[in-house]
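Consider the two complexes below, in which subunit A is the common component and subunit B and subunit C are the respective partners.
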Partner chain A sequence: MKKKMKTNLFYGLLLLPALVLFVLFFIIPVAQSTWLSFTDSFGMKSTYHFIGLDNYKEALRDLSFRKTIGATSKYALISVVVGNILSLILALILDSKLRLKNSLRAVFFIPNIMSLLVVGYIWNFVYTSVFPDVLEGLGMKSFAILGSKTLVIPALAIVGIWNAAGYYMVIYIAALQGISEDLIEAAKIDGAGTLRLLFNIRLPLIASTVFTCLILSIAAHMKVFELPYTMTSGGPVGESTTMVYKIYTTAFNANRNGYASAQSIIMFIIIAAITLILNYIMKKREEKL
Partner chain B sequence: MNWKIGKKLLYAVKVILIWIFAAIFFAPLLLVIVNSFKSKGEIMTSAISLPKSFYLNNFVTIVTESNFVSSFLTSLMVVTITTTLTVLVAAMAGYSLAKWKNKVAGFLMTMIMCTLFVPFQVYMVAMIVVVKDLGLTGNLFGLIMVYVALGMPVPIFLCRSYAVGMPKEIEEAAIIDGCSNWSMFFRIVLPLMKPILATVAVLNALWVWGEFLVAFLVYGNAKPMTLPLSQRYFYGTYSNQWNLILTNFLVSSIPVILFYIVMQKHIVKGITAGAVKG
Partner chain C sequence: MKMRKGIALLICLVLIVISAAGCGKTSGTEEKNNKETADNTGKETNTDKKVKLEILSLKTEEGPKKAFEEMFKGFQKDHPNVEFDIQSMTSDELKTTLRARAASEEMPDIITWMKEVEPEYLADLSGESFIQNLNADSVTAANAIYDKGTYAMPVDNGYIGLYYNKDVLTANGLEVPKTVTELKKACETLKANGITPFASSLSDLSVPYMSLIALFSETVFGANPDWSTQRDAGEVSIQEDSNWKAAFDLHKEFVYDYSDRDAAYNQTYDDCAALLANGKVAFYGNGSWALSGIRDVKQDANIGLMAFPISDNEKDAKLLCFPDTSLSICAGSKNADVAKEFLAYVASADAGKIWSENVKVSSTVTGVNVDYDPIATDINYYLTNNLFTPYGDRVLRSVFTDKLWEIYSYYMLGEYDWNTLAKELDNAWDIAMKAQ
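What follows is the complex of A and B.
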């Protein structure tokens, strides 16, 4: 009995540091965030009042906030779809026999290990200084790509893809390498060509990885902050204000903690809904097999 | 015969395609390198020309005049402490969650799993309020604590799955030999977990090194700045002096790229394991 208590104490103490951090920096902030979203909390003022659903009602009416949902979704959609296709193509090529394979992998992966802040600033330079020079060199009229209402989101998505492609490429390569050689050989003996091998064997076999990457990348791209922060400050006229950037300005420039918390909760619901739907589709698909 | 030609053609298409992609991906980095060797005027004239001479003044300015060196060292320190603590906290928690057959442990596991679905950005506003109440804003201790807390969920998972697979016999033998629980953990279990701890450490270090948003909110404008904070400051102070800004980025990215080259295997392992677990 005494020994059992000692063992329990040992396991409990091992867990303690993680538990304390978890409560202080997750449970309390999440609870606080939910609570604040129902109040008119302003800046660091310690008095605030419960105002029910007013913040949520305001958010649903607030055109500038609704616009950020559209902008973020557009950014995430382009980044996720184009990004995953690109990562998959890169992985398929780099999984085969190729000279300088490892150096090539490094080229695609390096943008991912750089700080997102630095990535944003570098592309700010590319769009504001390099791009006009290239256009002029080609004899075309230069224009500010980040100042264009229609092009600013695709421009940011290119940066998002540049940063993330190598990451998903690594996951896809690992999945492709997990396919058994025997299966491929057997299909080849049965006369399957490269394309049939790709569409009938390779891609179906890594379908669950594709879903995982879709879920991971949607969640990641929906949270984009550094890119609008470093490249556009959310402009032109709010066109590239993403949800997190909006939450940031509402909380730290306008000091409206309560309203910003409500915006955060709405963002969470959107991300959670997308994730759950994709998870559900994935489970359904796996059950069928 | 036809089949062979087709195969060769396919190979050629693959090679051409991958090199085109590689060129596109490398172009922004190449621009950073090339423009680091140019003066401000030269960049203004053309951002895509090659440097006329081997202009090294930018590097001298970065090292001598800006607070680059001090923030570099600060970041190095923050990364070292954060990663050490994260590895330790995650190893302890992961091991406990793997071996403790208890309802509490099961419940905690589910709770910690929840953190993976709630991104930091969702509760960052309230987090800053809490961190401020605890007196942890504007100091490195607070920043490190927040980093450990935010960075630990995936490491805990990885450590837990790893510990589940560890043979029970080794620990039992150690206890029979008269080891106390604690010395068994530190002298037997931790060394056994080394492979997963290395993977966890490498990924954590990369994240902390480049992390901006958390540092910006928790640590703010306090000094000494971490590298990303100093880069934001630098960008603000030297606006339009792209020669200096790009040189700063180049110099600060070199250690990370070297780190990647050395630790490539761990990074790949960590990303794939994390993706499967997440």
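What follows is the complex of A and C.
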């Protein structure tokens, strides 16, 4: 018994450095941010007061903040659905016996290693200079895609997808390569065609990877900041103001640390809720199998 | 086995100690440095020991950078022991840096003033003799947001107004418009002749925002300098004030409606400067900082500057002329005495001339009149005839200006009607009062 306790203590001590870092750099900042969300902390003022749920009440009443939830959801929905379908298609293509598949994998992955800020500036140039020139070259009337209330979010989503598709493609390729060749061969012998192989063998076998990619991409796209920051400043008329961009302006333009913290906590709750629901669906599905 | 366990435990302990030490506020070396710096504050040591003044500046353009370098050299003639460490960054970066530095009690010696820095972090310069060298109105305007005290030492007077291209007006048989009716007529003539009257950008909303600031400074604060105080007391409101509506309506009618609305989303701040310089447009609303961009495109562009006409009485048009760059000494500076000596130098005629010549703005130092650009004559007209207002967005609380920035384009683009806009702005004013 004493020896077991000693062993546990030893392992506990081994965990301690990681635990200290985790507490210092994660638990304490999160706790402090949560605490700030209940205060009127403002800019560089060193003093602030507890104001209960006032910041949360204000956020729920604030039309412009509510609008950002809609804009972010719209952006995330397009990016997650289209992005994952595209990544999966690319993975399926590059998992086949293509000659240049290794080079193509690298090519599709390159946008992901670029900073989203740089990507934003590049695509801003594409949308504001290249795109109008191409339209004019084709004899069509040029229009400002980033100035369109209906097109601005899809335009940003295209950039988000372009940036992230390679990353999810790599995960899907890894999952597809994990499928036993015997299963594929057996299905082929049984007369399964390409589509049948895809929908009845491959996709069901990588379903858990699909869910993982969905959760990862939802969390990533819901936190988009760089694209509206570099490309639209949240416009036109707030149509592309995402939650994180709004939190940024609340904290650094309006200097309302407390209110911005409350907005962050609300965003965390939304992302956590979506993730939990997806997790629940995934577990239910696994139980059925 | 026991020895391996011992080594593992020892490594764990070392890691914990390193983590804890890394999070400490002041390291041993820093303490030593601080002690050395503290020794430098004594009068005797000011001339004997090396002192390094750290300056954080939000002036990233070449002109101010060059001016600072020249002023450092000028100051070092009499203070060879003083070195400077200046870091220039954007206002957002400076704000973030100062927040972090304030939290760790490591504020620099001098900063370019920003309204976001609370007075508790700044030294009160009231009573300092060198402040007397400066234009008193500029000093008052620079410190308008404080109940008392002088925390900002204004270095120059900036402006926001309406640049116009004289050649374009002449080529179209137009005089410089002095009233709203004349401006409207000029715009219609230009439009009929295939010239876009106003340069504007919708991809960079700061461009049309500058014109709005100039307009409400004229219609609201030009007519009633005490408007903010009255609003705080609940005596007036944006919803009920026709002057606020007039500013937004004039903004929409001219800056937006008479710009190339299709191209505006693809145009940047630099594009607008180029459009005016190259005579592709007749008018461009922006501030003193835009002048160098215009001159960079075309050095000899035949341009002038005027206040936005806001009525049919030309005397109602007042130029927004305000202290732009101000310097502040941080309250916790270990080199406060030397920093004050440097500010005294900045307030001298020599330094005022250096600043004005390089930055192309008028100096706040009394008696310094540098003919830095042909448009200086236009600005002097407004200043000498008392046709200016010093109250723009810099005297407004950041919670309010953030909301104004967020939603001003909603009205311009027809998303909001006046009542919705004014209600949200009034609400923001109330929140700002509570928050700040």
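Just so we're on the same page, the second predicted complex is superposed on the first by the 268 of 289 C-alpha atoms of A that agree within 3 Å, B and C clash if a C-alpha of one lies under 4 Å from a C-alpha of the other, contacts with A are read in each partner's own complex, and residues count from 1 in each chain.
The working rule: a residue touches a chain if its C-beta (ideal position, glycine included) is under 8 Å from a C-beta of that chain, and two chains touch if they have at least 3 such contacts.
These numbers come from a predicted model, not from an experiment.
Judged by the touch definition given at the top, the superposed model places A:K57 against neither subunit B nor subunit C. In the superposition on chain A, no contact is made by A:H49 with either subunit B or subunit C.
Once chain A of one complex is fitted onto chain A of the other, the partner contacts of A:D40 are limited to subunit C, with no touch recorded for subunit B.
By the touch criterion defined above, A:F10 lies against subunit B and subunit C together after alignment on the C-alpha atoms of chain A. Shared-chain residue A:F125: touches subunit B; no touch with subunit C.
In the overlay built on the shared chain, the residue A:G147 is in contact with subunit C alone; subunit B does not reach it. The larger set of touched subunit A residues comes from B, when the choice is between subunit B and subunit C.
Contacts of A:L24 after superposition: both subunit B and subunit C are touched.
In the superposition on the C-alpha atoms of chain A, the part of subunit A touched by subunit B in one complex and by subunit C in the other spans residues 10, 14, 17, 21, 24, 44, 129, 252. Looking at the complex, you find that subunit A touches subunit B at residues 6-8, 10-12, 14-15, 17-19, 21-22, 24-26, 28-30, 32-33, 36, 44, 86, 89-90, 93-94, 96, 98-99, 102, 104, 106-111, 113-118, 121-123, 125-126, 129-130, 133-134, 137, 162, 165, 167, 170-171, 174, 194, 209, 212-213, 216, 219, 223, 225-226, 230, 244, 247-248, 251-252, 257, 260-261, 264-265, 267-268, 271-272, 275. Within the complex, the subunit C residues that touch subunit A are 5, 8-9, 12, 15-16, 19-20, 23, 92, 95-96, 98-99, 102, 116-118, 120-121, 202-205, 262-266, 398-399, 401-403, 405-407, 409-410, 413, 415, 424, 431, 434-436.
Of all the residues in subunit B, the ones that touch subunit A in their complex are 6-7, 10, 14-15, 17-18, 21-22, 25-26, 28-29, 31-32, 35, 43, 46-48, 88-90, 92-93, 95-97, 99-100, 102, 105, 108, 111-112, 115, 117-119, 121-132, 134, 145-146, 148-150, 152, 156, 181-182, 185, 206, 209-213, 217, 227-228, 231-232, 235, 242, 245-246, 249, 252-253, 256-257, 259-261, 264, 267-268, 271-272, 275-276, 278. Within the complex, the subunit A residues that touch subunit C are 10, 13-14, 16-17, 20-21, 24, 40, 42-46, 58, 63-64, 124, 128-129, 132, 142-144, 146-147, 232-238, 241, 249-250, 252-256, 259.
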